[in-house]
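Every chain is named by a letter (A, B, C and D) in the order it is written, and numbering of its residues begins at 1.
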């Protein structure tokens, strides 16, 4: 039963990921007083791409072709770490957040290689910029998680969520606020959202993530897009699970689970709205201001770790 | 025994006055030939001293040694020096690095120093202080000559003066070393002088001077 | 020589290593003789792996005693720690030797090939002596020989002023380091009966604290010089690139590890943790080496220099683990000390595997293209598929991606940092968790660097005609690389193979330690992750491949007719953003020259150069060396050539001695 | 009576050789005499080993300590004579500088050195020590060039002055014995002195005074800083076989002479005083020579400074005084002799091939003179104290003694100097061996005689690095027993 629930959570994270993209796009459109496309459009896009032919540059090797698969595999596996409606997940108690973060890194590593394999300038440019941002963003991401882990005295995600669930919402500490902020910033950098990267840009010189996937088409592009949607969704879900898990089902039975699912939708919806607000109100940072942005996140996360150890004392 | 010792000391100390005089003169002498003569005189004094010791201590060996000193140091070596100077046809000046006045003061200082040294080290050795001081002063003078004079011949002479001092020290402290050893030492001194003579010729032949302070090709 | 039961394999190994030599000497110019020598060497290494495996998994202690023969006690003994390193040496040496057979034939001048093999086998033997020695004499003899023979191998390879200078720096630094190692051994002497390890262990119990501290610091700096921690790394990026690739592989993959072995032997086995603060300098050295090492690596475009800097980085990671372990030891937390030690030792082993694989890959590249300059490479994946795949596996391993072996050790290191948070009320409680950030930064930058390396060298279009006409390496080379790559994957997915005996080893070195649960956790979870990632990727492949057409079309060229290789990002361009952000580390001296100068907007050529100006040699070592040379010149001046002055020296010596005697004697 | 055999041979040989005008006949005669000499010396060593100390009259005696030096003399002089036979084949006839004069003087030189080691009387020892200077001065000036004459003069004068102080020291010791009531005839015999010095209560003040003078005197001959000034000149300007003899035998003989005094004085006033002086001079020599090696420009001067450094090491070993240190120091004496001969032989080949020893005008030797280069590399590795060569063993022994005695400062300086020296040697060696050859050698291959001696020296270094033969070990222990 629990296994089925875990598989359900996992499928939810994967299958609803394009929907999350669609909702954010819709929210942004509304904020910008546009009508916007349907929230289901990402599904249509993916379906359409799956039907198209796969164009491969002449210089590309098998690395180029394998990259979308590895990326999708890594992201989908990472999604198995994140609890959604109850305090555990498929791999949440076996693996820890380091594994989660490094699975994301695995995907990113291959995506960058795939970009370099295209043999044109934009792939290299995108990979180079991504390399800078992601190498810097890894530290605040891990440190933020470490702060929470120290408070929870658990390194596995299930344990961390379980600990938070037992806490009173109103007794939340400064560590949580700092960690949440730094993690949020790191998530923005990791998933390539504003103000670090503009996911909807079509101006080559400002592209990072888009630059990397420029040479992909057809099913490969579909997998890449889907994988990045999963990544965003999983990270949002992780933020929720770590900092606002309240409402998750305490035990496996139908009614609490349904409530938990609804509560989850509300919470993730709120986060998406927040994301949309940020994306509509903030300009993209210049490339060389990004390290400063990540630096702030790193400082906050380090502070969070220090506070966490002080709190534990 | 004590009486004999005191008597020997008196005899020996009276000689040491003459030795100090030769030291002073050696320091201020400007010509090599003068120095050689002074060395000869000095050796004669020492030879006399050897005989005195031999007489007082009734040591037959001492007479042999005295005769050797006389023959080698008073006669043979000065003669060889004069021959050498003739053959080398070199400038006769000493060419010291110090002026005569300075040298004189240094010589006086060295005599004082040797008295001080004998005073400090010679306490336990019950020998006449004057004679031992003279020996030490001779060693110091020899060293001074070798350091201050630029002529190869003067370095040889300085070495001989040092050797005189060591010999005298042995004489006044222990009435001389065993005869075989003394003869061996004399032989070494002679051979050393011979070799230095050979080298003096070679220096003159290859460098066309005898100024050892200008032998500075090899350094560092 | 005393023979005991059970050491037959070891004697076999030693004999084989020695026996390779006369074969080559006698065999003159014939290739067969060299093949025979290589074969014997490989057989010896296989036998050695067997002995080591027995020692490592079963702890069958093996002893060889030459004491009756040699002037000082010379015994070899394999305990678990030795067995681990012996295993590393033999396991890495086999594929490297296989790789070296065609490599030496192609790259060494005819008359030097035999010497190459002779030195190569002696070099391996010296390292085996180092890790199995159980007396100070044997250890130090092996230690010095190791340096000497590796320098010989570098010098045989070729001759140029730069090479000589680099070998000079290598030799000198190694000697100074060895002097400290010598001192740290001998400092035990007044308190132990001899220099055999058992007496040293016994003697260390009665060491006064000051001597204990001194030994620890000397061992730290002495072994650190060999390991290449910053700022003692000066020789490392100089010596590795100029060695033949198989030798670089051994030097970087194994030789550096002997320093780790020595340090672990001293800090854990002999000193049982050293002074209470001992972990912190190690931790700082590890962090500094890791960060700066990877940053310097990113700035390089000579592949072998880049890899050499990555050795610095990885040694940094190993030292982070060792430092953490020492901190835990000082805080009386044996379980976590064991965890951190396991992490460090596993990373040592892993680094041996993937770094030698990387250097072999660079050898295959230079074999195919005659260059290791990244700017001249590109598109090799299509031309050298096996080299490319194995190199990619090595890249993933060194970056620490899950499913590859580097991840396991880095993960264990992360977890030991995290465990530090539970050390209530100590400095470590704050410091260790923060190290997570440092290691994360190191890992992120390493990933950036290897995206650059693999992307520029193997992917995209070739940047030179040599790269365009590259052909795959010969079978032996491919075989060697494949073996190592398989080992990386095996440990990456099933780390339990090594972890179990490693935990036992750590328990031996850290008294009172249990089995760290983390080691069990990672063993359990990784196969699942592998199944998940590969399964999902496979499913996605099926889904994407169903009835779809794949068509090869030129990439869009912004309207230009074709894309050329000059339009690709170069290695320098790729690393530009990171170098820009960390310009404080590089202090680059950038120059842009536009020609002709009077037409800035219509240049015929633009050349850009960016040189790192931070130089340890200039700012740290030069002044030191100059000091000695200045002192020597002063002394030289005292030797004036004037005999009167010489005599004066003698007189003054005598007089000062007399004065000394008068007043003090 | 066997004791007198090598002395007689060494005295008769020059007379025989000087009568032979044909250089080849002279060479053959010298080889023959050298062979006899070596055999007779080995016979003495064997006799001492099996029967204990030998005596011949009042003036000659050999015990364990002398036998190890005699062994050294026999081994090195054989190597040198064989090497010289090839080296001198091109030397013409001149006043005191023809092959027959060369061999005659070499045998005289050997005579004096063997006598030093066989003397039972400190006075005789002094005479023979001075004799070594006299016998070798002409050999140092053998080439009669400006440099050779200058070096010869400096050698003669500086050593004679130094030795004069040793005579003074001997006299002071004699005085002490005399005052303590010893029979004057026996008062210079080292056995009776060693016996009497602890029993009869010599004046400690006089003993110390004597030792200071002897230390400075024989220290000059050993080449300890700051009395070393003659050494680089003489070694660099002498013909190569003589450089080897000076460095590998003469310096050791001076060490032997000093050791006799150390043994006596240690019994009289305790070992602390002589050992302190040895340590001070040893360290000064190591440091100064180690630094000076860095800035040398002449290959043989470089090696001369290395000799000074190694004499410093030996002095430090003797100054530490523990059994292990003595073992190391005595072993180091032999090891250093072998390696230094090897190095000087290689330097001789360099000189014969390029007609210069200035290191800046030589390069690319690895290509042009591969065999000599190999010898040079082996020699430099060995002399830097690296395994697998024997100097590693002896330095290991001295260092471990320094540490176990708690002389941390000494040990620290020792280690630092070793690194400095390695740096200097590697720097010079790379320059000589690497790069493009500046000129072509006269003859690239070694002659069989050169090949043989250099091979023997190298193998000896290697062998002693792995194992000290039983006989040699026994000799070392006998020698060390004398000093304790």
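Here, contacts are C-beta pairs under 8 Å (C-beta built on N, C-alpha and C of every residue); 3 or more make two chains touch, one makes a residue touch a chain.
Being a predicted model, the structure only gives us computed values, none of them experimental.
*Asks:* Taking each chain's centre as the average of its Cα atoms, which chain lies closest to the overall Cα centroid?
*Replies:* Closest chain centre to the overall C-alpha centroid: C.
*Asks:* Could you tell me which two chains share the largest number of C-beta contact pairs?
*Replies:* After tallying contacts for each pair, the winner is A-C.
*Asks:* State the chain with the largest centre-to-centre distance from chain C, centres being mean CA positions.
*Replies:* B
*Asks:* I'd like to verify one number: the distance from the centre of chain A to the centre of chain C, where each centre is the average of its C-alpha atoms, in whole angstrom.
*Replies:* Between these chains, centre-to-centre, one finds 36 Å.
*Asks:* Let me have the rounded angstrom distance from the C-alpha centre of chain A over to the C-alpha centre of chain B, please.
*Replies:* 101
*Asks:* Can you give the whole-Å distance between the Cα centres of chain C and chain D?
*Replies:* About 44 Å, centre to centre.
*Asks:* Between chain B and chain D, what is the separation of their C-alpha centroids in Å?
*Replies:* Distance between chain centres, rounded to whole Å: 31 Å.
*Asks:* Could you pull out the residues of chain A that touch at least 2 other chains?
*Replies:* Residues of chain A touching two or more partner chains: there are none.
*Asks:* Which residues belonging to chain D are in contact with no fewer than two other chains?
*Replies:* 153-154, 157, 161, 205, 209, 232, 292, 295
*Asks:* So which bits of chain C are touching at least two other chains?
*Replies:* 636, 639, 643, 647, 658
*Asks:* Using the contact rule from the top, write out all pairs of chains that touch.
*Replies:* A-C, B-C, B-D, C-D
*Asks:* Flag every residue of chain C that touches chain B in the complex, lowest number first.
*Replies:* Residues of chain C touching chain B: 636-637, 639-644, 647-648, 651, 658, 662.
*Asks:* Would you mind writing out the residues of chain D in touch with chain B in their complex?
*Replies:* Result: residues 59, 96, 121, 123-124, 126-127, 130-131, 133-134, 137-138, 141, 144-147, 149-154, 156-157, 160-161, 164, 167-168, 171-172, 174-175, 178-179, 184-185, 188, 203, 205-206, 209, 232-233, 236-237, 292, 295-297, 301 of chain D touch chain B.
*Asks:* What residues of chain B sit close enough to touch chain D in their complex?
*Replies:* 121, 124-125, 139, 143, 146, 152, 155, 159, 162-163, 166, 169-170, 173-174, 177-178, 180-181, 184-185, 187-188, 191-192, 195-196, 198-199, 202-203, 206-207, 212, 215, 217-218, 220
*Asks:* If you look only at chain D, which of its residues touch chain C in the complex?
*Replies:* Within the complex, chain D contacts chain C at residues 153-154, 157-158, 161-162, 165, 205, 208-209, 212-213, 215-216, 220, 226-227, 229-230, 232, 273, 277, 288, 291-292, 294-295, 366, 381, 384, 386-388, 392-393, 396-397, 399-400, 402-406, 408, 411-412, 415-416, 418-420, 422-423, 426-427, 430-431, 434-435, 466-468.
*Asks:* Can you list the residues on chain B that touch chain C in the complex?
*Replies:* Chain B residues touching chain C: 97, 117, 120-121, 143, 146-148, 150, 155, 212-213, 215-220.
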